[in-house]
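Structures incoming, each one as structure tokens.
You will see chain A twice below: alongside chain B first, and alongside chain C after that.
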Partner chain A sequence: MKRYVFYLIIVNMLWYSISAGHKVLLDLREQGSLLSIVLSPLFGFMFLIGWIHFFQTIPGKDLPDQLLKYFPKWLTRTILGIISIMWFFAGLISLISFVFTLKRFLTPETPAIFITIIFLTFITFGILLRTKSILYTIEIVLLITFPFLILLILKALTSSEFELDFVKEAVMHINHFPSFSAIANSFYVYLGVSNLIIFNNQFQQHDFTFKWKDYLIAVLLCLGTLFVSFFIPIGLLGYENIDTIPYPMMTASDTLRMPLGIIERVLYIALTVSIFTTFLSILVHWHVVVQIAKKLIMTKKNIHQPINWLLGLIIGTFWIISIYLINVINEYQLITFSKLFNNMLPFFFFTMILLFQYLKRRAR
Partner chain B sequence: MQTKKKKTTSQTNLIDLLAEKLEPSFDIINQKLQTDNITVHLLYLKTVVDNDQIQNYIIKPFFEMGSIQLFDSYIASLPQNNKIETNEKVLSQLSRGSVLVQIQEQNYLLDLKKITTNLVLETNIEPSIQGPELGLSEDIQTNLNIIRHRYHNISLKIETHQIGTSNNQTLAILYDQENVNDSVLKNLQEKVKNLKHSVILSSSELQRLLNDKKWTFMPIMMITERSDRVIQNIAGGKVVLILDGTPNAIIAPSVFFDFMTSMDDKYLPFGVSKFLKVLRYFGLFICLLLPGVYVAVTSYNPEVLRSELAFSVAGSRVGVPFPSFIEVLFLLVFMELLTEASIRLPRAVSGTATTVGGLILGTAATEAALTSNIMVIIVSAVAIATFAIPINEMSFAIRIVRYVLLFFGTTAGITGLILSFLAFVLYLTNLESFGEPYLKLFVQRKKVETKGVKS
Partner chain C sequence: MNKRFRFVHFLFILFLSISFLSGCSFRDIDNRAFVLAIAVDDSGDTKKPYKVTIKVVIPSGNIKQEGVKYAFFSEKGVSISEALALIRATIDKDIDFSHTKIIIVSKSLLDRNLGNVTDFFHRRRDIQLVSWIGIAEKRAKDILKMEPKSQSSVTTPLFNFFSRTAVQSPYITPMYLFDFRRQQIETGIDPVLPIIKIDKKEKRCVIHRALVIGDGKYVELTPQQTMIYNILRGNIERFNAEIKEKNGKFKYGVFIDSTSIYYKINRENSKQPIINYKIRHQGILEESSKYTESNLLKEYGKETSKIAKKMILELLTYFQKQNVDPLGFGLRYKATNLHTGDTYKEWESLYPQAKFTLDINVNIISTGKME
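Entry: the complex of A and B
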């Protein structure tokens, strides 16, 4: 079932290419974005190895299990609390930024709160299902969207609007030393595998052995995403003022046309694909939160109820926070916030790798 | 075969005892055959036994054979001879067409039933181009005979159960012992044993009773009338249930992809069958999404379509007084009624009904500006696409799901449509058919795939 791990990586990757992450990279194009992209495989490799190695040592188990085994309860709860807050915000940022995208590109007249509620309804349905069924869904959805993705990339790279000169101009700026934000944002693309903290309980030993080849493929996929999401907007929209565009990938896809297709503007295909990916991304993140919450509730000895009021409370909080934030926040604040969030991620994840090392040692 | 002597007193006058219990049925025959020195008693229900067989196997030999010993050993060696266990079993056997023969102090139960429903029917629900023309019959013996004749393997096991507390219908469970999924088999055996319903008449009813959840619309067991499908599924390790009196077999577990396979996929050349498969899935998507897409696109985002198309859609909607979703609902509901009518009506009338409905209603509706021309095209495309799904239950289910997607397409446009489609996929992947994941892609070999995932 190695491929399911790849799907987790791919979902995150696809989401990255429309998220604030690549927008920040484009903003920082003269502060070392390109160099940080080129250097990112280093961090990526380190991260993937640190993460996957740990989870391979505990086949069929997830992080909460492992923590409960070796740590006192209060510490476990704190750690899991922090993790679930991080994951919740990761999903929340996806949700809010995508609702903004939809409002801007697809249904400008529909109130943002209504789009949010529609998303939340289906996500609530999805996150309560079994972990396995989420993996199966990801596979099927990726299979459905795959031809469209190929179409999008081919269309972008072969269109006459794609100016190689802009790309060349961007490449010339490789000599800037990367800022921390640039590194952090290019690191984001590798994080898909982090969802293994819950999803690992679906993988047994024999079907989840990452070899060097697999690491290489994973890193190359992520690196490819970084390049595509960096160069396609630049090539299509120009180098100079790309930072004035709030959703570079979407706007870039709107420059393309299929004069002979049923759907003329490529934007709508891009939007469809991104609805799929965003939904999956939120689903995966929040499913992790729900599963962690379930594990925490289970320790309180009410295992027999699969969905109890505490879980209802947590999902209710999801709803309230999302609906509240969608009303108060604006696009600028969102970008600022997600920049902040993304800057925090490297620290967070490397701390977690240290935690894993500790757990590994304890396990011995 | 049982030839032991029953010497207890209750057994000797078994016939009188049973005859008393069977009274006052008009068809009970308690007959005495007599020559000079020997007497033989027969007890049977004349409506279920074959009179010719009684004549040939019992009465004629009786008068031809001189001695009682000879006749006794003749009866004992008949292949129709059955074991006598309890009085209740004997009674139940009598009601199924057995004849109780008492020779001196010894009882024999001969299975001489008359079957009028053993005609093997032509397949008309799942016709195929090159596969076998005949399906199953309404008699269980004939069905088992058909299956045994096409699956020559001793590992094919047949278990029989009596279900329905009132009508005691025979149910056969068939499986290939070597590759059957044991947990499914056990689960089914349990469920069959725990059935408490008084009358179970058809396999679709049985299938519904075996399903734990009440509110389901996706089928998790397949009902088929094709014997080749039964054979293929037994060979694939599935369990088949055949109920007496119905020309259908139930196959469990069945997953989503089973319902999208036609038996012709096996008979046609590789390329052709792959093409047909692609076509079928295309039909599935059309049938699920097209009504919703029409509403979402015309009401929310007409700019999605290329401009010429958007104009022609808008142009054809000129004069239509409804919003697009009412237009879609109106025609879809009429289309459903038409489908329903053509199923229920006698065959002679149904042709007329569909012509009147399809042609005249469609034309008239567009001319009266109740719907647009394009809408009529879309609805008929959807209707045709529905029929491309090979198994009926699946196409019924998809027909219902379509309305859910239409609802979300109406309320939230393209977003709602895509999200509800995703939710449908999630629902399917979350379903299970006897422990097998209902919708799951099998990329690697089955062994590798099923080994890894915890259930």
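Entry: the complex of A and C
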């Protein structure tokens, strides 16, 4: 069962490599992106230990359970409310930025609302599944997409157009002191494990023990993602003007050719793979929100009817906000917003670790 | 129940993927006009400076009976997009750029900033970044319209010149659109575009020269210089070279089939950097004016390397004198020096003083099928 924790990490990692996070890192390349990438395992390691250690001590339970046990009701509600808003926005940013990408590259003539509605339909079915089914879904989808991902990465790195001099030029800018934004954005890639706040209730004691080796693999995977998503666009599109490209990873995949492949333009393979990973990312995030909402709403009276009208109301809100925002927001605002959001995350998650420490002490 | 549910879910995701396949975006294939190549000319009209010509292939049901039909459309405009919008009103089909492979820009447009000319092609999402870009010697439109003798039914002839799957010639300099952009806007490397000429009498394309697009200036390369550039840049590994006697008579020719090229910028002398080239060629004799002897193979190699050394040095100093940098020395300098100040500015002042040293070794391993 340990592998399911890795899947959670991998889903976030894959989403990161096409999200605004890596775009921001590329924009900040002269403000210490590279150094913050190199330093990020430090924070990542601290974060992973903080979270996984805590959840290992409460096998089969999730965070809402734990909070309800030790905290007064109003405090629990506030904390869970903040968490669910954060997770909702994480999913929303994934959804909107990916709808934009699809509209730009794949179906420019389809209205954005239509793409959003298709996505939302499937996600609505998805997030109402049981937690265990979600984990299975992740496994199946990752098994399908992983070979293609490896192919894409190899294709990019072995391309004769991959100019090593640009990469070296980027390395030569390692002496810039990292700005906070750069650190925050490189920290984002490690956050996959945070979904354990709900998913932990599927893991029993015997099947979820992280040893130092597992931590090392997780950190190295994330670090690899950071390097790949930083260096592949630079190697293929140049270093100095990489910030003039709104979708670096997608544009980079358009520079690859498979002259003898079934599809010559690698872009379409990259898009298909990223549809899957985005779908998973939204699924995981919003499932957490729905589960927390369920825990909050479920009183003794309506515990026997799993889908009640309040839950419908929440999902309805998801729809309305997504459809509203997809019309009013533009690309620049989205990047600014996700930058703000990512900047907030380190504070949020390290506060959570403090909360966990407190909970641990209470439990003793 | 659980197993079945998982299966249903699996199908669900499969269907999800199908719903996002691009397909024809609600437009059938017979309603589309696929653009194979775009040519941009100077119209001579100051108000509407661009003249855009597109080559469109008309889909037909049966290629064997009807053959492949091409159509050409051209229109003037203030910008390329305006010209294309005007063309759109003259075709009864929807213009589809997703199969565009060739973009040709007329040489007379070079007086303008070429970045503005190609901006449209970079910005539009359905034009592939892996299409090729070239310069037309005279009118770009003529190159599109010409049907060479060797044309086969379906492909565009220029496509075969540039994709290395068909023609492999050291004189041809293929340049991808994205490669052109990154070399043009990045400092420290200058793009080189192929110059396409047509031979009207013989009905063929001649692509053996190239144009270096420097900072506000253009340097034309002769066919020989183009070949050496392509070898040094690593665009081609296999080529022929002719060795002549002192009186200009042909002595023998070699065919090189594997090449390795490295260079390093040596900065021991802070005023005068030394660019060390290390070149290794391996090949065989291809043609000779008299009998050759296999125990003299080493001599032939030495002689070839001596001549090659002279030619390469000539080209490198030519680039230096013209102050263009198509081989990316500036980029390499930036890539090997820690960014403490403006490293590119340093290089700009250093480049005119740079010295070249060459360590070249041609290893000829066989005299061919006979001695």
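The rule is simple: the second predicted complex is superposed on the first by the 361 of 364 C-alpha atoms of A that agree within 3 Å, B and C clash if a C-alpha of one lies under 4 Å from a C-alpha of the other, contacts with A are read in each partner's own complex, and residues count from 1 in each chain.
In the analysis below, a contact is a pair of C-beta atoms (placed from the backbone, for glycine too) under 8 Å apart; a residue touches a chain by one contact, two chains touch by 3 or more.
It should be emphasised that the depicted structure is a prediction, and the values quoted were computed from it without experimental measurement.
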**Asked** Following superposition onto chain A, is the placement of chain B relative to chain C best described as a clash or a fit?
**Response** clash
**Asked** So, A:E169: does it touch chain B (first), chain C (second), both, or neither?
**Response** second
**Contacts of A:L102 with chain B and chain C, given as first, second, both or neither** = both
**Request:** Scan A:Q202 for contacts with chain B and chain C and give back first, second, both or neither.
**Result:** first
**Asked** With the two structures laid over each other on chain A, which partner does A:I263 touch: chain B (first), chain C (second), both, or neither?
**Response** first
**Message:** Quick check on the superposed pair: does A:R77 touch chain B, chain C, both, or neither? Answer first, second, both or neither.
**Reply:** neither
**Request:** Would you sort A:F114 into first (chain B), second (chain C), both or neither based on which partner it touches?
**Result:** first
**Message:** Let me test your reading of the model: by the given contact rule, A:K360 touches which partner, first (chain B), second (chain C), both or neither?
**Reply:** neither
**Asked** Does chain B (first) or chain C (second) touch A:G60, or do both, or does neither?
**Response** first
**Prompt:** Counting only touches as set out at the top, which of chain B and chain C does A:T251 meet: first, second, both, neither?
**Reply:** second
**Prompt:** What residues on chain A does chain C touch that chain B touches too?
**Reply:** 102, 106-107, 110, 118, 122, 125, 129, 133, 136-137, 140-141, 265, 268, 272, 275-276, 279
**Request:** Using the touch rule from the top, collect the residues of chain A that touch chain C in their complex.
**Result:** 102, 104-110, 118, 122, 125, 129, 133, 136-137, 140-141, 161, 163-169, 171-176, 236-241, 244, 251, 254-257, 259, 265, 268, 272, 275-276, 279
**Asked** Which residues of chain A touch chain B in their complex?
**Response** 1, 3, 60, 102, 106-107, 110, 114-115, 118-119, 122, 125-126, 129-130, 132-134, 136-137, 139-141, 143, 201-204, 206-208, 261-265, 268, 271-272, 275-276, 279
**Request:** Would you pull the chain B residues touching chain A in the complex into a rising list?
**Result:** 300-301, 303-307, 309, 408, 411-416, 418-420, 422-423, 425-426, 429-430, 437, 439-441, 443, 448-449, 451-454
**Asked** Residues of chain C touching chain A in their complex?
**Response** 5-6, 9-10, 12-13, 16-17, 19-20, 22, 25-26, 125-126, 128-130, 163, 165, 176, 178-179, 181-183, 185-187, 328, 331-332, 334-340, 343
